[in-house]
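In the two complexes below, chain A is the common chain; its partner is chain B in one and chain C in the other.
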Partner chain A sequence: MTLSFFDQFMSPTYLGIPLIAVALTLPWILFPTPSARWLNNRLITLQGWFINRFTQQLLLPLNLGGHKWAALLTSLMLFLITLNMLGLLPYTFTPTTQLSLNMGLAVPLWLATVIIGMRNQPTAALGHLLPEGTPVPLIPVLIIIETISLFIRPALGVRLTANLTAGHQLIATAAFVLLPMMPTVAILTSIVLFLLTLLEIAVAMIQAYVFVLLLSLYLQENV
Partner chain B sequence: LGAGLVQLAHLHTSPNSQAPVPALPEKGGKTRHGIIPEELFQILYPKTGVTGPYVLGAGLLTYILSKEIYIINHETFAAACMGTVIIYGVRKFGPDVAAFADKLNEEKVQKAQEVKDLAMTSLAQAIQDEKKEQWRAEGRQMLFDAKRNNVAMLLETNRRERVHMVTNDVKKRLDYQIALQTLHRRMEQEHMVNWVEKNVVTSITPQQEKASIAKCITDLKVLAKVQQAKTTA
Partner chain C sequence: YTTGSGLFSEILTEHVPLGEKRLMDVKLGELGSWLGKRDFTPNGVLASIRNGHDRYYNKYINVKRGGIGGVAMLLVGYVALKHDRWRKYH
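Presenting the complex of A and B:
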């Protein structure tokens, strides 16, 4: 039965067409193009407001070099949040549950921050490997630890995958055992399912935000 | 190359002119129960009345379930939960979000309106000021008259001063002449008195002097006698 529980995460194909491509690109139509009008309808106004506020907040700690990444980070955030939220609907496929997608986003972006840091300010970038104020005997060990911590940063992608997969799986399992259950016990399971739903909505938004936030943090260190 | 240029000239042109931009509708399409467009009910009303679309919906649902075109599985429960949360969220926070979006637009309009109002008030004020200036300019005749009066008064004052000055000067000269004349007369009088006195003094002969002294002595004696008589009496 374990295989059928994870069936929901199999990348769907239809007649040889990988439908994940559709799942990745179709949510784009949910975002209306900002029009040339001065006063817009509510959706475009809210969308513009949200994007402006988010970009402003995200770029606060970054210096001018990091501002080049504004479009990338904001569009990444919108992308992830849309995919996560849409995946909560029934019978939908969440592309961000695929490790390949998340690592494909995390590793190149993380590597870009590392390379930028090493290229533009190698001393400062290497200096991050040793925090200030460490006692002298600890220095060799700490450098090794910090290097490991640096290379484990692509776990950004793993974090996203794990959180979303776990959440979806929990919802699926709770709903599955709810199906043949007696009504009296079913009420408890329904409550569990309801709470899980609320959690998943929160997790979907938070995980997308955390992804982008950590990336901006890595950028801040290196740029 | 010529054909390409012809095509280039036709970029960004179209026979439809969109200016001025057509206005957006005020409100979105009307919906029944938040999801189903009102038009469906209007379309079915002539043939099936008010309950038509509901019967259609119920029948479709029953058909899909009974023919097992849609099977109730675990996703149904997950969908029910998610649906509850979504509907609750939209019903509770929908109006607030809409009000917020409207407020954003309102603020935008209000900022522009403020600029316009400020311009209007400043222009109206400018008109008022201009009118006042025109009214002031009408009174310029009075101003000129007043100024002319001032100048005339100054001239008059000046003339009178000069007249006084002349009068004083002439009076001074006449006074001088008078003083000169009185001086002359006084000197002549003094001189004459001195001459008369001198002549009188020189004309007093010694015998006249003796006679006058003798008279004085007799007079004194008489006076002494009288005085004596008064004291003894």
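Presenting the complex of A and C:
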């Protein structure tokens, strides 16, 4: 009984091929390459509009050095938002519930921002460890605290994993446990399921966005 | 060449080499040798995947007033595939 709650998160294989490979390449099919035409079909028009708006918003606070990261950040955002939203379809596997994937995305990118900051402007990067205007006796403690908070930043990946896993688990529990156990209040449970699905749609989009936003903030400090 | 569909398909595809005919033009008895001549190298598989994708894309998505149907069909097919695999383990 306890094990079956988490079955939906086990990385499935089929004939030896890990299905996560299929789930990871599916977003690639859904975003066609824009052709050289002036007026494209609706899918490409929507896609282009979204990408342009998003990149513009994202790059507003970054200086010129950070603009090199535009392609990386926008493609990361598209990737995450597609993976999260596709995971809401029935029977699909969401790769972003796997901690390995999210940490694999978060740690290298965070480390890159730290290394860039330390290489290009070491004084300013170290200076971020001490906020302005701290009372002198507090300085040693605060530096330790700020260093710890710097190293805890890869929790970006953990945040994404936790949010998505929690949401999926809630829906699974409501569907497989509550619904069969209390048929008399089935209407209430269906309403709960519906609301949870709405929440999940929102969470999917928000989490992807937060991931990329925080990364761009780390970049902004260090570039 | 395109599919020899319609009234004269047999006559039109008489002199096309077997390995290059499309599936609907191959006679039942020739099916085994047709399969042997298809290009199953990785490049060939990729080429046929790309071909299939282009045909689907140009028919359903790359149209002037394409609605949500083109992408929706793809997603429903994906869910159907996954439903089938889920059934296998439960």
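As a working rule, the second predicted complex is superposed on the first by the 217 of 223 C-alpha atoms of A that agree within 3 Å, B and C clash if a C-alpha of one lies under 4 Å from a C-alpha of the other, contacts with A are read in each partner's own complex, and residues count from 1 in each chain.
Here, a contact is a pair of C-beta atoms (placed from the backbone, for glycine too) under 8 Å apart; a residue touches a chain by one contact, two chains touch by 3 or more.
All values reported here derive from a predicted model rather than from experimental measurement.
Asks: Identify the partner contact of A:Phe176: answer first if only chain B is touched, second if only chain C is, both if each is, neither if none is.
Replies: In the superposed model, A:Phe176 contacts chain B only, not chain C.
Asks: Once the two complexes are aligned on chain A, which partner has more residues of chain A within touching range, chain B or chain C?
Replies: Between chain B and chain C, the winner on chain A residue contacts is B.
Asks: Kindly classify A:Leu26 by the partners it touches after superposition: chain B alone (first), chain C alone (second), both, or neither?
Replies: Second partner only, chain C.
Asks: Applying the document's definition of touch, where does A:Gln121 land relative to chain B and chain C: first, second, both, or neither?
Replies: neither
Asks: Kindly classify A:Thr197 by the partners it touches after superposition: chain B alone (first), chain C alone (second), both, or neither?
Replies: After superposition on chain A, A:Thr197 lies in contact with chain B alone.
Asks: Check the residue A:Thr82 against both partner chains and state whether it touches chain B (first), chain C (second), both, or neither.
Replies: neither
Asks: Should A:Pro90 be classified as contacting the first partner (chain B), the second (chain C), both, or neither?
Replies: both
Asks: Can A:Gln220 be said to touch chain B (first), chain C (second), both, or neither?
Replies: Neither partner.
Asks: So, does A:Arg42 touch the first partner chain B, the second partner chain C, both, or neither?
Replies: Both partners, chain B and chain C.
Asks: Once the complexes are superposed, what residues of chain A are shared between the chain B interface and the chain C interface?
Replies: Overlap of chain B and chain C footprints on chain A: residues 41-43, 89-91.
Asks: Under the definition above, what is the set of chain A residues touching chain B in their complex?
Replies: Touching chain B from chain A are residues 36-43, 45-46, 49, 88-91, 171-172, 175-176, 178-179, 190, 193-194, 196-198, 201.
Asks: Considering the complex alone, what residue numbers of chain B touch chain A?
Replies: Of all residues in chain B, those touching chain A are 21, 24, 28, 73-79, 81-82, 84-85, 97-98, 100-102, 104-105, 108-109.
Asks: Spell out the part of chain A that touches chain C in their complex, as residue ranges.
Replies: Answer in residue numbers: 12, 14, 19, 26, 29-30, 32, 41-43, 86, 89-93.
Asks: Going by the contact rule at the top, pick out the chain C residues touching chain A in the complex.
Replies: Interface residues on the chain C side: 53, 57, 61-67, 70-71, 74-75, 78-79, 82-83, 85-86, 88-89.
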